[in-house]
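Dropping the structure in here first, questions after.
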Amino acid sequence: MTTVTWTSDEIMTVTAARSLRDGMACFVGIGLPSTAANVASRTHAPDLWMIYESGTLGASPDHLPLSIGDGILADTADTVVSVPEVFNYWLQAGRIDAGFLGAAQIDRYANINTTVIGDYDDPRVRLPGAGGAPEIAASCREVIVIMRHSRRAFVDKVDFVTSVGHGAGPGDRERLGLTGAGPVRVITDLGVLEPDPITRELTLVGVHPGVEVSAVREATGWDLRVSDDLVRTPAPTDTELSVVRSLTGAA
Amino acid sequence: MTTVTWTSDEIMTVTAARSLRDGMACFVGIGLPSTAANVASRTHAPDLWMIYESGTLGASPDHLPLSIGDGILADTADTVVSVPEVFNYWLQAGRIDAGFLGAAQIDRYANINTTVIGDYDDPRVRLPGAGGAPEIAASCREVIVIMRHSRRAFVDKVDFVTSVGHGAGPGDRERLGLTGAGPVRVITDLGVLEPDPITRELTLVGVHPGVEVSAVREATGWDLRVSDDLVRTPAPTDTELSVVRSLTGAA
Amino acid sequence: MVVPLGEAVRQLIHDGDTVALEGFTHLIPVAAGHEIIRQGLRDLTLVRMTPDIVYDQLIGAGCARKLVFSWGGNPGVGSLHRFRDAVTDAWPAPLEIEEHSHAGMANRYVAGASGLPFAVLRGYSGTDLVENNPNIKTVTCPFTGQELAAVPALNPDVTVIHAQRADTAGNVQLWGITGIQKEAALAADRVLATVEEVVDVLDPVPGQVILPSRVVDAVSVVPGGAAPSYAHGYYERDNAAYKDWDAIGRDREAFTAWLRELTSAAPGRTAPTPAVPPAPGSPDAGDPEPAGRGA
Amino acid sequence: MVVPLGEAVRQLIHDGDTVALEGFTHLIPVAAGHEIIRQGLRDLTLVRMTPDIVYDQLIGAGCARKLVFSWGGNPGVGSLHRFRDAVTDAWPAPLEIEEHSHAGMANRYVAGASGLPFAVLRGYSGTDLVENNPNIKTVTCPFTGQELAAVPALNPDVTVIHAQRADTAGNVQLWGITGIQKEAALAADRVLATVEEVVDVLDPVPGQVILPSRVVDAVSVVPGGAAPSYAHGYYERDNAAYKDWDAIGRDREAFTAWLRELTSAAPGRTAPTPAVPPAPGSPDAGDPEPAGRGA
């Protein structure tokens, strides 16, 4: 048994940060995605170009914002544009390399629900809704999903498709006219899932230190396939952890 | 015979200036329209709000610009917006009260040609083209045309409809979905024409001091109707003339 | 042009109106929202891309019949519990909803500001939003044959914004994150701007948006009128107040107490002190919240 | 990123390309246009809302196969005689034209910048532009049934602009009348910006447009590169040069002499002295020019 010296949020954050390549334009949401992007820009990706949907292009906040519209984002941005402009001229035009999304539910084809749990007209739980997620899922060159692993969240079929992942399988994104590649990776507190190159079904490709495959399968609401090339996530480095903790105030 | 103590451009300019009411938002082109609007704002219409298609909203230049994009317009404007914004958010949205247009040709229904003389594919004279005129003619609440009177310019049918006046007569603007009232007045160096309320045909409603109706009919390429209520343009006042001349450098 | 807030709301907003109080995290017209609650307006169709706690308050106070929106949450904190309660349990009144994506809403305002009946975008394709919203259709490009999404123009009866400054003539100036306010204002029949201050001359500021006075119907001076959101250059976002709202909004009784305090306060009062202390720990820990999106 | 103009033009612009040199009276990339002439580029489809004297020069020099535009004139002066000569007498080469209104062109760039295949506007209805341009069609609003104009997106191979400044990272800053440059740049595959100067840090300026370096392919430092148009904050518009062009452009021999001088000048030279004196009086007095419209 591994001695865990980091939290599940920290391993998710570090793994997500590693998914970003230097020089990318990254559409950043609040919470773990913002932390992950800021970790990346402080470690291996100093030229990561962060866009928040409030219209701040090239923001480099010195602390984590609570909202996507905090003043620190405008203060540090290369430029601030209007909301129509960020969605039309930047996102829809295909200028964003990577987008981060969270989800209340995700299904085996990485379709995402952030709208309702239960029936739309008589919901059990009403969630905040779509925001910019449908367009991020449609138009970013690639999408990275970050969310905690549980059977309640990883479901065979989402209650509501807020944002399209890989639809019902191969060819669906093209048929729907979605220009980006869609979700290329789902990072959880247990491991990493990626769509199978052929079937587009989410497949376990990595587990975090100390996590058993059986635990991941147990936390997934469908019969999760496991890659032949399963890897174990390298432990967070001291540098990564100290950057994460300096940002989250957990230092 | 009246002793003419002003030029034909000056009487046109003064008459056009008088057509503008205080507080109007006026879409201004270069040349006589710009002079007229600036005369109005310096005489009876101090709150005239001048928009130039370069995106300068509320410009108040201290001298006449040569182009619609001179620096003096940006320097004195309430705000400068982009070209898509001036056309979409301001003109198309119906926020402009009055637009000034010139023309190479105008016909009896006040349709305007600024594109070609002769055949489009083999023109005798190639003119600058549409610019913003089609939208000004379509969307300003009212349009005022300023041009010199001649048989070559006032034709039964324009060679090319660049901007729609009253089409082929009553009901055409509505049928074409044009939101503004169209040309309400044509001001020339000889007099003033307005569309007949019923037939929409341009009718002579005023002649400038010293001008005979026969001269106007002679200079018009169709059988020009004359209003029963024909008026004679009041002579330019000393104030009007001195303002015009201070602007045009003819003082 | 410059009138007290109570008078401006009375003149411009009426029962049954479609009202957009816009602001994208920054410059949210909170004080104007509270005045709407105080005046007891009813049957409003509330419109906003990112309805947050002031919309939670308006909904909880029973002002709204319908909400048109794209993301309804407490930015960085979690859900809006008055909104949830209205949707799932019709408390205090049923709330009809029409929901879009951000790009859909933004382009609806753009079409509204442009005098067009609809806007075209790449979006919605394959989502369940389409079948639950009759205001999402498709249109075919006449040049390429591509099918794209179409949404109708949004033209509120009234748009309310908060800005840093106005001049005495009523020209309004805002800067920092300017969001969708320009389009929301230009799309509306009537515009109310609350401002931090009125000045003689608006010195130009980088990144500014100017709304010329001819598109503004009333300006009301309300210093702090965007709190607990912020006014760039004037005051910071009160993140604690957003976190504190969670416990109040979560509980009908706590909310009712908060509402009683708001409506008994003198007009012009911008925000009451939270009536209950925030709950200890992370109240949203058990909720299936999306982790990845803020407002 | 920062390269000499000759090199930038060689790298980014090729025979047969669709090239937009944009600028709405202000910040016109004249020096870049002259470099295109010097390099002898051919078969270009030239695009611009307001082709003015530098387009007259490019057309007269035989660089263009086609012109896509909305108003082709010498702003405040009159017609473009090289443009006229090419259209009416195919000199020095036939010139195909595709013409729009300003709103049509502006919205074509907006669609291009937005990754949409077409744009919708109220326009063209009832005009003869429709029947002479296959790129003007209609589309029906799926909500109201209204018929509106549709124009295809405009996506130049290369957009060339002139701006006041860039920083060493290649971020470009322009202000004053910013026209259509942002959309024209974002719509293009490649972007060349000539600038008055390169600075370490771009101090914010009211009314600025920033083009982030990731959408700019090359920056060339060309002080005075917009003359005889102007660069707000740097130099004024040379109105006399526009007036003087009339006599040169009107006459094939005078133009040919002007062209010879331009092409024999050292690269980087921004504008030759007029080769002939301007004609006395108003040269356009006999022309049926529209009196009411500028650029």
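Structural remarks
The chains carry the letters A, B, C and D, assigned in the order they are written, with residues numbered from 1 in each.
One rule holds in what follows: contacts are C-beta pairs under 8 Å (C-beta built on N, C-alpha and C of every residue); 3 or more make two chains touch, one makes a residue touch a chain.
Quantities reported herein were computed from a predicted structural model and do not represent experimental measurements.
Common partners of chain B and chain D, by the touch rule above, are C. When each chain is reduced to the average of its Cα atoms, B sits farthest from chain A.
Set against one another, A-D and A-C show the most C-beta pairs in contact at A-C.
Separating the CA-averaged centres of chain A and chain D is a span of 42 Å. Taking each chain's centre as the mean of its C-alpha atoms, chain C lies 41 Å from chain D.
Chain A and chain B have Cα centroids separated by 58 Å. Centroids built from CA atoms put chain C at 27 Å from chain A. Taken residue by residue, chain D touches two or more other chains at 115-116, 121-122, 146, 148, 182-183, 207, whereas all remaining positions touch fewer.
Shared interface positions of chain A, defined as residues touching 2 or more other chains, are 88, 92, 139, 179.
The chain pairs satisfying the stated touch condition come to A-C, A-D, B-C, B-D, C-D. Residue ranges on chain C touching chain B, taken from their complex, read 113-116, 171, 182-183, 186, 210, 212, 214-215. Within the complex formed with chain B, the residues of chain D that make contact are 24-26, 49-50, 69-73, 75-77, 79-80, 83-84, 87-88, 99-103, 106-107, 109-110, 121-129, 132, 146-148, 176-180, 182-183, 207, 230, 232, 236-237, 239, 242, 287-295. Against chain D, the residues of chain C that register as touching in their complex are 115-122, 135, 137-144, 146, 148, 150, 152, 204-208.
Across the complex, chain B meets chain C through its residues 25, 49, 57-58, 78-79, 88-89, 92-95, 139, 179.
Of all residues in chain A, those touching chain C in their complex are 29-34, 53-56, 65-71, 73-74, 80, 82-84, 87-88, 91-92, 100-105, 114-115, 117, 120, 122-135, 138-139, 145-148, 152-153, 160-164, 167, 172, 176-179.
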